[in-house]
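Structures given as structure tokens follow.
Two complexes come next, and they have one chain in common, subunit A, joined by subunit B in the first and subunit C in the second.
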Partner chain A sequence: MAFYFVQFLTGLASAASLFLVASGLSIIFGVTRIVNFAHGAFYMLGAYVAFSLTERLSGPLGFWGGIVVAALAVAVIGVLVEIVLLRRIYHAPELFQLLGTFGLTLMVEDLVVLIWGPDDLVGRRAPGFKGAVDFFGQNIPSYDLFLIAMGPIVLGVLWLLFQRTRWGILVRAATQDRDMVAALGVNQKWLFTSVFAVGVFLAALGGALQIPRDAVHHAMDLRIIVEVFVVVVIGGLGSILGAFVAAVLVSELNAFGILIFPTISLILVFLVMAVVLVVRPWGLFGRKEAPARRTPGLTVIPWRPLSSVERLASLVALAFAAMLPFIAGNYALTVGAEIAIFVIFAASLHFLMAVGGLASFGHAAYFGLGAYGVAFLAKLAGLPMIACLLLGPLLGAAGAAVFGAFAVQLSGVYFAMLTLAFAQIVWSIAFQWVAVTGGDNGILGLWPEKWAASPSHFYWLALGVSAVVVSVLRLVTFSPFGYALRGMRDSPLRSESIGINGKRIQWTAFIIAGTTAGIGGALFAYLKGSVFPDNMGISLSVDALVMVLLGGVETVPGAIFGAIVYKALNIWLVSQTDWSKLVLGIFIVLIVVVFPKGIVGVVESVMHRRRAVAPKAAALAAKMEGAQ
Partner chain B sequence: MRRRTMLAAGLGLAVAGLAGAARAEDVIKIGEINSYSLLPAFTEPYRKGWQLAVEEVNAAGGINGKKLVVVSKDDSGKPADAQTAANELVSSENVAMLAGTFLSNIGLAVSDFANQKKVFFLAAEPLTDAITWSKGNKYTFRLRPSNYMQAAMLVEEAAKLPAKRWATIAPNYEYGQSAVAVFKKLLSEKRPDIQWVDEQWPPQGKIDAGPVVQAVAAANPEAILNVTFGADLVKLVREGNTRGLFKDRKVVSFLTGEPEYLDPLKEETPEGWIVTGYPWYSIKTPEHDAFLKAYQAKYNDYPRLGSIVGYQTIKSAAAILAKAGSTDADKLIAAAEGLSVPSPFGEITFRKNDHQSTLGAFVGKTALNDGKGIMVDTVYRKGSDYLPGDAEVAKLRPKD
Partner chain C sequence: MSLGVSLLLVEGLTKSYGGIHAVRNVSFMLQAGEILALIGPNGAGKSTCFDMLNGQNVPDSGRITVMGQETTGRKPREVWRLGVGRTFQITATYPTMTVRENIQVALVSHHRRLFDFWSPMIGIERGEADRLLDLVGMAGYAERPCGELAYGDLKRLELAIALANQPKLLLMDEPTAGMAPRERVELMRLTAKIAREQSIGVLFTEHDMDVVFEHADRILVLNRGSLIAQGSPAEVRANREVQAIYLGEGLLYDARHREGASA
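Let's turn to the complex of A and B:
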């Protein structure tokens, strides 16, 4: 009995650490609608700064003072980031801020190694909380008891802050309806900045408080970021109490789950999230979001099919791309094939995100399923390459059909997080089912057959397939189906009232996107000669998001350019420097500031403005002539 | 090296091409890949190790008169990126052979690439048994003592313990899984009386140490096998110390004696764990003294195990290239099979039957000295004593 009680307390201590970080993320998202990917980076910075301070300052005051000062210092960094970077992009398309904070995260991961060195750092134990308390023969670390108390204390302070201060009232109002708060004359700028500061402070505090029990190292952020997102979503976005309950739920299920299934930790949070979101689409304590007031269509330059000149230009560009084997060597061709494959992958996500308005955080699942489909067919069934390429993507299609049916019931960030949960479940199956998938050692020896083996042939194959896929997706975009899909994106209510079966349309779009991603994955398996669970991991999903956002989510061809720029740059940087993350991060942040609509987005709006100005001037001149 | 490549790229392709053509006659290039950005704690000392080796090789006249050049690439911890890097090294840099890698899945990916492209590959660090056995191929050799070898060395000590009830804690991925599987198999063979009472599989890098420690303690084992390392190990040790998990229990632990993993623990180092590792401070052989002196003189830092691995990878590669007298893959394989080379740990041999080197490891106990973790009572275990013979290897390896 004593054991179960102590295990329960241990779970509570884990929950407290999780809650501190999650509450900050929840507040930031609730008010600013920023998916703050850099939250984990702030958590990590908090731990690093606190480590340095507590090593230098002595005594209990030095330790606790060091923790608080570290959290404050990181909060100041957070304020700077908000003012310098985020303020510029609040009006960018939804999720664009994700790109900026992703860039920051990449930078911070390399910067901490540059500043603090590559070794794991182990900080001091907390003065006064070094030992353990005996409970019927079981030891409870006294620091755990401290953390268990911290959870409710922080929850209480936040509650007071939100319920009893004017600032809190404004924050709650903004969480519910940002535009109305702005209309009532509240200075949104400083409200957002202060909210961001509080959120970052909590993240850094959460990191700093890990010093006595964890090692400080440069991958801490990745370890926590996804988990806190999940906690926030399970609890319901913007709900602090929800985050607390979700943190406790997840931690306790883990603490007791490992007694029966020792391997459960790998996937537990995602299972919980999938179940919660399927049953309660807005999380445990979340409320259904009010329909967006702003018509999204107004900010977008109307889409149109390519003019015949543009079509010709695209064909010429394709022809030029097809000439590459005559001038470039084998390495360049293989890189070219990889880029072509990622164009397919990015275009498939773009179709879902831009045309369907459904941003998936787990799109790599279908890419990976396509790759594994090929691997199973080739290795287990021994099918020839053509058959594998044709049938392999069907596994992606099947996965998309199953998961999509659940996912399209949701929208916005909840949709995104459910796709992430499904992707992680698929990933963990590939990772854990060693007998069939080979686990993380993957499936090897999937090399292309003779006719496609030479780099130039494989490059032509990848280029050809990607040209076909992109064209087909474009055709679908401008088909009646595409219009219905965009209708659902811009106004679900109006579309359904004119008789469009919205969910069905979105589900179909999900399957189309999943299948095309699977085609990319199938080619990728042959390009690399192997498949690994990595091929469906979170980082690949994030890469796809970054490509789409970089190119411009409000444009039709954005994903193509995003994929080419990002992938080429990434490969080149990894080859040239060990600090590729730092350079890539700086580049992404610059792009975000200079091209707040993505690369293609900005180019298009400049051209659109030119085009709009020219006829107006002509008309004006005509009028004046008429008057004379 | 990398900077020079960048500079060359900056100066213009034509210039670089000319320079390359002029130099190609008198240099031999080795293409090296490792997880520099993902695992700097291991790969920084590793890089220092191989840079020292390159310097020494060239100071001694290079390889049959030609200068040795190592072109090094980062794989960002992903098998797919490692293959891109391998491809660049082979196709654009025209390297004579590939070397390096740390993570098992990356090692396997590069090994498969080498097999496909018929390039010689000397895997430095990956521990998975698959790379020389179940997925072994004729182009791939491996330097470090494998999972199986380390397990066999530890089992030898573990079998001497009176403990009958054992629990295991291992990261939930291939390395942890196969370490536990081999250890269990070998120990149960030696000691049929042993019971396996609990196993914990925290995700790699994400251990929730409190509940794991509690769960293991609840099973009340007499001894524990640990396979976690890095930050997970730190968390496990801290929680275990506070909760008294290691009190009156024997712990056998993979790799924990390596400075990379032992040093961060500082005063929290648990005492009396039976570990494999690298006690650079207490090895008194002429070969190691020479290495240690050269390393400390160059870097003003002490070597980690990674330094040894990096150093010996390039030293071995140079010996193979020198013996082959050619960069042809088949000649390199012929030269490497059965080749004996000196190492800081004494002479090692690349076995003909499975392409595994006989580099061994030190087995000893952890202890605290002046607030620092060290290994004591260390013995060097030769790799050759812990590897199966020809008949068994033939069963384990696919036919070429």
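Let's turn to the complex of A and C:
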């Protein structure tokens, strides 16, 4: 009994930091409508800065002062970020905001390693809370008791701040109706900046308070942000009380989940999240959001099928690509096969995101499931390669069918957060369930059979499959189903009122996208000869998002060009620099701020402008520029 | 003119939001080919009433019957399948598709081909889509991106979309809101003409009294959630209560005059 009680207290102590970060995210979202992906990065920065300060300053005052100063310093960084970056993207579609702040996260990850080094740092114990309290023979660290008290105290302070101060009233007003607050003469700019500063302060404080408990390391940002997303999805985005209740719930589930399913403890959190979403899609304390801004919609150039000239040009391009084995060496062919595989992956996400308007932040899950599907079939069932390639992607399809059923109940940022959380759950199952997946060691020795073993043969295989997948997806895009899917993106209200069961359409699209991603993953397993949990990691999901965005999210062939350019750049970049995340982060932020239409989008709008009659084109261009 | 079953039968429709009765015990019926206007001042409950009729809102009590089938609490898409077309107060169309494609999607849905993954949309129901466009006078607009249409054209497009499932009943929530005066008159004349030709029943809400009195066969007047009058335009025009609502009861005006007289 005492053991369970101590376990319960440990859960409560973990909830404190989670609540601080989640409440910060919620406050920022409430006012600015931005889901700040970089919140985990600020949490991590808080921990690192606090580590440095508490190492240098001595005594209790040095420690506690160091923690507070660290949080304040990070808040100042947050203000700079808000002024320099976020102010430029407040009116951009959500997808761009999520990606922009994710780019920031990538930059911070590398900067942290650059400044503090790659090793885990173990911080000082908190003065005054070094011992442990004995509870019927079980030890409870006294610092945990301090953290348990911190949670409700911060909740109370925030409550006072929002109920009793003028600033708090303005924030609450802006949460309900931004435009009205602006109309009443409140300076929105500084309100947003101050809200962002408070949110970042809370995140950094959460990170700083963790240092006596946990080592500081450069991957703690993604770990916390996934948990925070789960918390806000359960508690309801924008609700501080919801963040508190859900943080306690999630932490307790983690604390006791370990006892029930030691290897796959996250399953319990997933089940609870699924139940909450079914019963209350906007979280326990959340309110239904107004319809989200459309992800695409910057332009009004309607999509059209390829003309016969364009079709011919595509075939010629494909024929040229097929000639690569006659002129290039083995390394280039391996790179070529990898690019072809990523074209499949990007095209599958593009179908969901550009045609369906559903920006998945966890699409790698289905890529990885396809890869693991192949590995299981080849290693456990000993099936031949062809059978593995055909059946392996079905694991991706199955995953997409299960998760998609929940995910399509939501839209916009909730959809993004939920797909990310699902992907992370799949990742941690692959990582933790060592008996089946081999854990971090992966599954090795998956080599193609003789007929596909040589680099040129495998390249042709990848290219051929890629061409088929891209053509099929394109066909579906211009079929009645594709239009129904696009209709749900453009206007759910109209779709419902002409008899379209939108959720069923979106769910089907999710399964199509998951299956095609699985096809990519299946080929990838044979290309690498192995499968690892990272094949379904967040960074791979984001790679796919960037490919689609770089190519042009509002175009039909954008994903192909985006995948080719991005993957080639990426492979080159990794060979050139150790700080690829930093460069990639800067690259993402630049795309979001200055190049939101992508390569194909720019080309298309230039061509469209030329084709159209002069006066009409000018009006259209003005409209498009206005929209940006 | 009725053949026993009315097109739309509403009995005792009631909806309240936290103690405020938005719609109170509203009952009426609509026959095929009849044009019925639902009017009332802002906040009278017109939109709530409308949303319940097409399934976007669930009534607290009451029954809605469309062509003999009860639709209370059914989803909008199910109501649509019974042959009910609708247009919105603020237009809802697909801005990234062409005008023709907007109608094609509705036609494809009507013919239950939404899960056709292979046929190119470009050739599907093209003739029928063009016929509908021609009907609302938009034949020349077929290839235009819907996102660049003027608002009046969007309203006409919505009418064409609403006609795609060969409806027996049209529900039009403020069909002319946001349009220029001349466009208003034209759109309602067009609607009335199509409705009479195809014997479609039309229920519409409207603020423009010229539009209402020119086309409505019958008028329902809502005030504070209750139906206070119904009848022919002439009857409604003569109704004291309706006059009081639209012109004011004159209490303040009279009082000031009386004060003025005594002073």
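A few points about this structure:
Just so we're on the same page, the second predicted complex is superposed on the first by the 485 of 628 C-alpha atoms of A that agree within 3 Å, B and C clash if a C-alpha of one lies under 4 Å from a C-alpha of the other, contacts with A are read in each partner's own complex, and residues count from 1 in each chain.
Just so we're on the same page, contacts are C-beta pairs under 8 Å (C-beta built on N, C-alpha and C of every residue); 3 or more make two chains touch, one makes a residue touch a chain.
Just so we're clear, the structure is a prediction, and the values are computed from it rather than from any experiment.
Taken together in the superposed arrangement on subunit A, subunit B and subunit C fit without clashing. Residue contacts after overlaying the shared chain place A:476 against subunit C, while subunit B stays out of touching range. In the overlay built on the shared chain, the residue A:567 is in contact with neither subunit B nor subunit C.
Of the two partner chains, subunit B is the only one that A:528 touches; subunit C does not reach it. Contacts of A:498 after superposition: subunit C is touched, whereas subunit B is not reached.
Contacts of A:33 after superposition on the shared chain: neither subunit B nor subunit C is touched. Judged by the touch definition given at the top, the superposed model places A:305 against subunit C, while subunit B stays out of reach.
In the superposed model, A:6 makes contact with subunit B only, not with subunit C. More residues of subunit A are in touch with B than with the other of subunit B and subunit C. Of all C-alpha pairs linking subunit B and subunit C after the chain A fit, the shortest spans 34 Å. Across the interface of their complex, subunit C is touched by residues 296-297, 300-303, 305, 475-476, 478-484, 486-487, 490-491, 493-494, 496-501, 505, 508, 554, 620, 623 of subunit A. On subunit B, the positions that touch subunit A within their shared complex are 2, 5-6, 9, 36-38, 40-41, 43-44, 73-76, 78-81, 83-85, 87-88, 91-92, 104-105, 108-109, 112-113, 115-116, 128, 130, 135, 172-174, 177, 198-203, 205-206, 208-212, 214-215, 217-218, 230-231, 234-235, 238-239, 242-244, 263-266, 268. Note for the complex: subunit A touches subunit B at residues 3, 6-7, 10-11, 13-14, 110, 113, 118-122, 130-132, 138-141, 143-144, 212-215, 217-220, 223, 251, 254-255, 258-259, 262-263, 265-266, 329-332, 334-335, 338, 431-432, 434, 439-442, 444-445, 447, 455, 524, 528-530, 532, 534-535, 539, 571, 574-581.
Subunit C meets subunit A in the complex at residues 54, 75-77, 80-81, 86, 88, 92-98, 101, 104-106, 108-110, 113-122, 124, 145-148, 161, 164-165.
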